[in-house]
Amino acid sequence: MELFLYTALFSPLVGSLFAALFGASPKSKIAGIVPSILLGVSFLSSLVLLILVMMTGHTIHVEMMTWMATGDLYIPFGFVVDQVSVTMMIVVTLVSTVVHVYAIGYMDHDKGFNRFFAWLSAFVFSMMVLVMSDNFAGLFIGWEGVGLCSWGLIGFWYKKESATWAANEAFIMNRIADLGMLIGIFLIYWNTGTLQYEEAFAAMPSLDTAVLTWMGIFLFIGAMGKSAQFPLHTWLADAMEGPTPVSALIHAATMVTAGVYLVVRANPLYDLIPNVGLFIASLGAFVALFAASMALVNRDMKRVIAYSTLSQLGYMFAAAGLGAYWVALFHLMAHAFFKALLFLGAGNVMHAMHDELDPFKMGGLGKVMKGTFIMMTLASVALAGIFPLAGFFSKDLILEVAFIEHHFIIYAVLLLTAGLTAFYSFRLVALIFHGEDRYKHFGIDPHEAYRFMLVAMSPLLLLAVIAGAFKMGYFNMVTELLPATEYHVHSATTYWIMTIGTQLFVIAAIAYAYKKYTSKDIKVPDGTSKMENSFGYKLLINQYYIPHFYENYIVKAYRELSEVFWTKVDQKVVDATVDGIANIFYQTGEKTRDMQSGNLSTMLKWMVAGMVVLLSLAVVFGLAARHSGEIKTFLSGLGV
Amino acid sequence: MFEAVAFYLFAFLTISMFYIAVTTSQALYALSALAAGMIFISAFFFILGADFLGAVQIVVYSGAVMALYAFGMMFFDTTRDVKEKQGNKAIVIGLSVISAVLVVLIVSAPIIGSNIEAFYPVTEGAGNVQEVGMVLFTKYLVPFEVAAVMLLVAMIAGIVLAGKKMDLSLTLMNEQEILEMREESKSKKVLP
Amino acid sequence: MEIGLNHYLVLSTILFAIGLVGVMRRKNLLMLFFATEILLNSVNISFAAISHYYGDLTGQMFAFFVIAIAASEVAVGLGLLIVWHKKHNNIDLDSMSTMRG
Amino acid sequence: MLDHILSILIFFPALAGMLGFVVNKDSMRSYGIAVAAIEFFLALWLWFAFDSNVSGMQFMEQIALVPTFGINYIVGVDGISLFIIILAAFFTMIGIASLGETKDVKNMIITLLFLQMTMVGVFAALDAIVFYIFWELSLVPMLYIIGAWGGPLRIYASVKFFLYTFAGSLVMLVGILFMAYFYYQATGQWSFSILEWYRLILPESFQIWLFLAFFVGFAIKVPMFPFHTWLPYAHGQAPTIGSVILAAILLKMGTYAFIRFSLPLFPDASVYFMFPIAVLAIIMIIYTAMVAYAQKDIKQVVAYSSVSHMGVIILGTFALNVEGITGSVFLMIAHGVVSGALFFLVGVIYDRRHTKLMSEFGGLASVMPRYATIFGLMLMASVGLPLTINFVGEFLSLLGFYKQSHILTLLAGIAIIVGAIYMLAAYKKMFFGEITKEENRNLPDVNRRELFALIPLAIITVWLGIYPKPVLGTINTSVEGVVQLMHEKAISEEAKKRIPSLDILINKTSAKEAQ
Amino acid sequence: MLSPINVSIESLNLMTLVPMLIPIVGALLIIIIDLFKSNQHKSLYVMLSLLILGIDFVALIDSAGVFEKNGTVMGLFDVMLIDGLAILSQFIIVVASMLFIPLALTHKRFHEFSYPEFFALFLFMIAGFQFMVATDNLILIFVGLETASLALYTLIAMHNRDKSFEAAVKYFTMGALAAGFFSFGSMIFYALTGSIEINQIAAVLSANSYEDIGFVLIGVVFLLASFGFKLSMVPFHTWTPDVYEGSSAALAGYMSIVPKIAAFIVVMRFFEFLIHSGVVWLEVILYMGVVLTMTMANIWALVQTDVKRMLAYSSISHAGFVMAAILIGTTQSNSALFLYWILFSFTNLGSFSMLWISRQKNLPAHQQSDHSYDKFAGMVKASPIAASIMALFMLSLAGIPPFALFWGKLYMISSAVTGGYTVLALIMALNSAIAGYYYLKLIVYMFMREPVAGYDGRVFSSNATLPLKTIIGIAAIGTIFAFLVVNQLLDFITVFVYNSGY
């Protein structure tokens, strides 16, 4: 079985290295095909492992070799395939296989084709390390690895200023969170003496709650960065500068969910500290609403989807924070499928529209791109959570959890968000595929994507539709490891009211979106309409001015402070002090060298003067010595 | 009483002579005042019973030293005032103050240790010259001889420095010039 | 009014101080040499006086050697004086300051 | 031969350098490479023959030098110094091999060989005076390298470098002499042998003063804030090879000396000064990282980044536990490799364009993809990405210090953020974007000679990042010895508490192995 | 009446006089040779002097053997005092002189070497210094000092150019003032104790337990001023740079070593007992003097533009450094003084010799003085070996290990530490750092600067001949390999110093 494990883990690496071999040479198809095939292999191995885990309930734990060992510390490269990690493996390998195949078409005309696959496969490998590692250090390797690949892929079109800027932003923001994670790891090590999940979690119940709380907080800070939770969320929208397959894979399906995975993985810890859990849930709910609100007005197709991702991550955290780890994980999985699908569909549209991203400039594309149209619509339906698509099973469950746990505010927020989700999803669909063919004004001649790209997307479509069916099987498997809380509303009536109410609310939102955005009056907004000048709109389109705030008050301040440190402090204070000391000596020399006037008379005077000074000192001392008795009486008379 | 009168007289004389010697702007005055001061000093030696020393003082200074000086003065125009640019007077004044302090101190406290034993006591009944000879040629034989060497050194130094050979400097001439000079001096030697 | 050692010492110190003043204010090399002679001579008075009051001959010895030293210094000093005068035709101290700093 | 391998390692390059005067100018480069390669293989042999289970000194040699005054030529190597010696040999080799078109190449190579002698000598010396001799002597070749081959401000930079370090080490010399005097008082014998000194337990007040005396010397060498200002000048003006060796080896002398002298000799003072030094280290980390961000010259960026990383090393050293110290020793090697490589890389571009201003570049990624790749790898190593060599060291250093202080570690951890900021910004300025300058359009990519230096470094960077064990294990053994010694010597309660006793630790590990 | 005295020859210990008599006899011999046949080549006199000094050296070895066996020997009515200090310092004097005298064999002709009297005076001077160190009688010290000084003034002036006359006059005049100080100081001590022998002065003073401390201090001040002049302590140093600049480089190097060691011995003899009897004032004054001398001289050296002048200031600073040994006053510090001075001799003679071989007769337009820094710019291009050797001497002077002077500094600072003068040790260390700057400056000029226009590389060895090169070679070897002999030297010195009771 270890063979499958290693195959699943290292195939992407091999694929990456293979593609990297061609890194500097002109595009060659093989650099795309081989990694895709290898990912397929990885997927199949994961599947085998999944079946194995499902059937037998056994987990596989291997220790490949020692990584670091010093003092008390012992960190191996250890990998574990258990119910949680195998779920993640399936999600990761499946989505990435699809994305790889898709990207062969998508990146067809790009000069950096080979490089792209090297990065992409490397990302998959890192992600696999992240999910499969059996210890926090290994997790951290993957954690940073995906960060690196994300940097490389966001900034893939490195000639674009905005892309490289976004890449750096993403990396640095993630680093801020990584610091939290690192501190969390240190805390775990110094308190439990190990970084292995099993041993560490086993030791935790005996620890002080304060310590555990700190651990929970710091680990969650790590999760916040990777999963772009408020206030570290701005990078995710900017990350849309990367190629669309990257957005689909990294910024929708896999990497951003790593934070959720971490919380799920650390469930024994979070179970011990429900307060932190509640905080996580609240933050999740807040982010869900917050991100959804920004998605309402955004005029960048990919950014809308990105905000939607953010919002869904909020859902997941809400679930995980409330202790419903399996629900969070389930939503993670379902979300991965339909969101990746949505992104890939958006990619098709972009291709068709020659990289135009403003949906107001599209319209009526449904006629030209039937396949894409169907897929994106279904994905949106799934995202909105309409029965019986995947979203319904996972998302409604989260609502139920919130309800059952008696966190009604969270519930209300999440419910509202569900409506908003439906609205903005279908706003997008409506604007892109329905209504007038506004694109004609811009002289664009859209066309459908390659057929194999659509074929490649089909597994995702399928899963987005039917994933709900796996719920019970999944539940049975995963609760071997995670707390097996079943969430049932106590009374059937309430349940039905809730479910149907939610559905109706969502459908109403969809209908409203359709009504509003399929009308023939839709024009490309030019900043003149009343709505666009309203405060709310401005607030939302400017993302609550948060990026503005970051740019002006943090980035700029940092830059200026750095400049001050260099030009003022380092050069004018620290260095100037050193040079100043040296100069004191030199200047003293320059000033006093006149003492050596070269005139013999002056020299003689110096000599006599020196003697006289010594003499007067001697006389003073001699007098003092001779009259020491009197001086003493005198002083004592003064009371000294 | 005699001693006191003599002391004060000669003290006054030496002080004024030396004062003139260091303050006058006439080289000749200075020279004369110095010579006179030297002679007056010998008076103290006689008062103090150091006859030999007094004799030496007179011989060396008024004879040898002054002769040398006069010899040296032949080079200079002694009739005109020596112009000396004076710098900061404060230093000179300061030094005088300190000297005053020193004087006061020495006057106010007797310097002689109470338990001093003479290492080379004055022998009763012997003349000063004899005593001096006795000590000089036993204990101070080596310094005496070294002093002789020192005088030899001074003599050589005087001869070398004042000699004609110093007129032309080999240090400043290049090889060519030195050779030419050599040739010239040889031919000169032949001529007269 | 007994004349004690201290009288001689004070005298000697005064003369020494005069010598020092001379050393400091003289700008003519020859006159400067006079001042140094005064310095040495003033000390001789003290030596003779101490020698007298201690009844010890060492002081006289010292004075004797000081005289010898003074004489040799004169010889060398005069030599230097002459050589300088030959080259520069003056014996002014202020002209001797080519080296400085 | 193995008995004298350290002496051979020390004096072989100098001897070869001496003979090098005879070698013809045109063949000098080959001669240099050959000598350095032999030296490197000797160093490898040393590693091969080294018993990594022994925590004490190995290959000790002792020759009386001034026995009356207790000065002996004692050399030896343990896990702490072993790898730095190898690194020194390695960098000299690839440094000479990758030497570009330089004037007076002969002088340069001879100087480098002399420099190598001093470097190996410092790390092998076990007698304080011998250590001091090599320590000071190492300034001279470096002075020459910077001063003769450097940039426009080279003389200012080299003199500053020399005098600053010199002043510091003279204070250290007073400390050394004081220490010897204590030894003399305690035993009635003069001795400068470090191992002998280890047996001495000093009263705490003396420890503090002596610690400070040594600290001045070491801190300037490291260089620690606020003594660091010579470094940017030295790096900024030095030729590539000078910067490489300065960053890779010479700076390590300071941190190495902390571990060799300050910690075991003055355990109580080390604890006493732990927090002040940690604060300095944190200022170093954050402040210099910010200064690095403000730089316009890529070499200055790397130079300031060096200071920043040295801060982490200091922090790890003063964690005073096995994890931290091992981490800091490892980070010394890691930083040597990575910053050395970065300076090489800067040199590559400087050779082509004769400028180091970042504004002169932009879009290099498309012109010099291989260069960009290697630079990227080193950049990632520099920011401490896992599976690169730096991460292991930084992780362990910070981990170690976390035991001592949470808040300070948190602050120090900002290193990973600020480090990323200036490095990524610099990379972006140089490599990303459109090519704006016409001169950059046809720059040749890295050539074979440069690859000869860069590829091995890249391999080490990744290899030791993934599999640090052979190095880490050896270091660990020796560090355990040091920590145990410190614990045993510590007088104050505080120190006993701060410095872990290893009996427990050793038991634990063996228990783990038993399982 | 005076009765005749019988003195047995044995009790005179005439042997004690032998090392001083040899140079005197040698000097007379040279004069006599000149009398019979004048205008002989200077090499004859150089070799004769060398031989005589060699014999002197052998005689010293003999005295050293006697000292090791019998300890301190007094001779000739207890005027001569042959103890460890005397022997050690005479070794330094003689060896330094032996290293100096071949420097007369220059390629170019210089005025002084055309005189046989030069060599005679030189030998007389050595005898004078030897007398000065081998006695504790103030009279003999005075006479010896004057003999040597008068000869030295003449040697300087014999270089025969304006600057050397100026130097000689300055040196002479200030020397005369110092002589006045010396005699006045001696007078005060004579008045206080009735003796002019240092050990008896010490005995008497301690017997009456320094009741007249005020007068003691006044006497000390005068002696300090006079020896401060000889040792060029600030503010009595002003003659040093000018005299060094005015005299030939070789003689300047010689002056930086031999007269000073002689003065050090006297100072050590005189101040040691005062320091040890707890005269706090003296300790404070010496402390200040040492620090001031070291630091100020260093600071002035920083701003010099001429290498020889720089070296002059540097040697003032070194003297201050060594003066610390007297202040510390332990056996270790006194041994350190000798060790330092021996090592310093080699290095400093070497560096001055390097200047000497590059001496030009006529200065080119761009050059301000004989040995301005500019002259050495880019020297490594023209003569790399000469530049390297010069750099070696500079590094050694700066105290870079393992070169000679480092060991001296090491032992000196150690003695300060051991003696409880930690702050002083730190000041000494930091002064070495300041000094590093100006030594480095020359290295920078030689190795890192481009030569100035109109540059002629041959100038750096224009004055070199085989003997000069040999001397430089000896100095260089001594500088590099000092670490091999430090141990033996230290053993030797310590035994001698310790057995002399210092």
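Here the chain labels run A, B, C, D and E in written order, and each chain numbers its own residues starting at 1.
The criterion applied here is as follows: a contact is a pair of C-beta atoms (placed from the backbone, for glycine too) under 8 Å apart; a residue touches a chain by one contact, two chains touch by 3 or more.
Every value quoted in this text rests on a predicted model; they were computed, and no experiment measured them.
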Check your understanding: Quick one: which chains contact subunit B and subunit D both?
Key -> A, E
**Study point:** Steps in the shortest chain-to-chain touch route ending at subunit E and beginning at subunit D
**Key:** 1
Exercise for review: Please flag the chain sitting at the greatest distance from subunit C, going by CA centroids.
Suggested key: A
Review point. Based on CA centres, what chain would you say lies at the far end from subunit B?
Key: A
Practice item. State the pair with the higher C-beta contact count; candidates are A-B and B-C. Key: B-C
Practice item. Could you say which chain's mean Cα position falls nearest to the mean Cα position of the entire protein shown? Key: D
Practice item. Measure off the straight-line distance from the CA centroid of subunit B to the CA centroid of subunit E, and report it in whole Å. Key: 28
Practice item. Starting from the mean Cα coordinates of subunit A and subunit C, work out the distance between those two points in Å. Key: 94
Point to revise | Rounded Å distance between subunit A and subunit D, as computed from the means of their C-alpha atoms | key: 35
Review point. Do you know which subunit B residues sit against two or more other chains?
Key: 91, 95, 102, 105, 109, 111-112, 116, 118-119, 131, 139-140, 143, 147, 150, 153-154, 157, 159-161, 166
Practice item. Could you list which residues of subunit D touch at least two other chains? Key: 163
**Study point:** Junction residues of subunit E, two or more chains touched
**Key:** 139, 143, 146, 150, 153-154, 157, 169-170, 173, 177, 191, 194-195, 214-215, 218, 241-242, 303, 437
Point to revise | Set of all touching chain pairs, with the criterion as stated earlier | key: A-B, A-C, A-D, A-E, B-C, B-E, C-E, D-E
Point to revise | Contact footprint of subunit E on subunit C as seen in their complex | key: 5, 9, 12, 16, 19, 23, 29, 32-33, 36, 39-40, 42-43, 46-47, 50, 54, 56, 58-59, 61-62, 65-66, 68-69, 72-73, 76-77, 79-81, 83-84, 87-88, 96, 98-101
Check your understanding: Which bits of subunit E are touching subunit C when the two form their complex?
Key -> 138-139, 142-143, 146, 150, 153-154, 157, 162-163, 165-170, 172-173, 176-177, 179-180, 183-184, 186-187, 190-191, 194-196, 241-242, 245-246, 303-305, 309
Study note, to complete from the structure: subunit C contacts subunit B in the complex at 1-11, 13-22, 24-28, 30-31, 34-35, 37-38, 41-42, 44-45, 48-49, 51-58, 60-61, 63-65, 67-76, 78-83, 85-86, 91-92, 94
**Study point:** Sites on subunit D touched by subunit A in the complex
**Key:** 160, 163-164, 225-226, 228-230, 287, 290-291, 293-295, 321-323, 326-327, 363, 365-366, 369-370, 373, 380, 383, 385-387, 391-392, 395-396, 398-400, 402-403, 406, 409-410, 413-414, 416-417, 420-421, 424-425, 428, 431-434, 466-469, 472-473, 475-476, 479-480, 505, 508-509, 512
Point to revise | Contacting residues of subunit B [partner subunit C, same complex] | key: 1, 3-4, 7, 11, 14-15, 18-19, 21-23, 27, 30-31, 34, 37-38, 41, 44-45, 48-50, 52-53, 56-57, 60-61, 64-65, 68-69, 71-73, 75-76, 82-86, 91-92, 95-96, 99, 102-103, 106-107, 110-112, 116, 118-122, 131-132, 135-136, 139-140, 143, 147, 150-151, 153-155, 157-162, 166-167
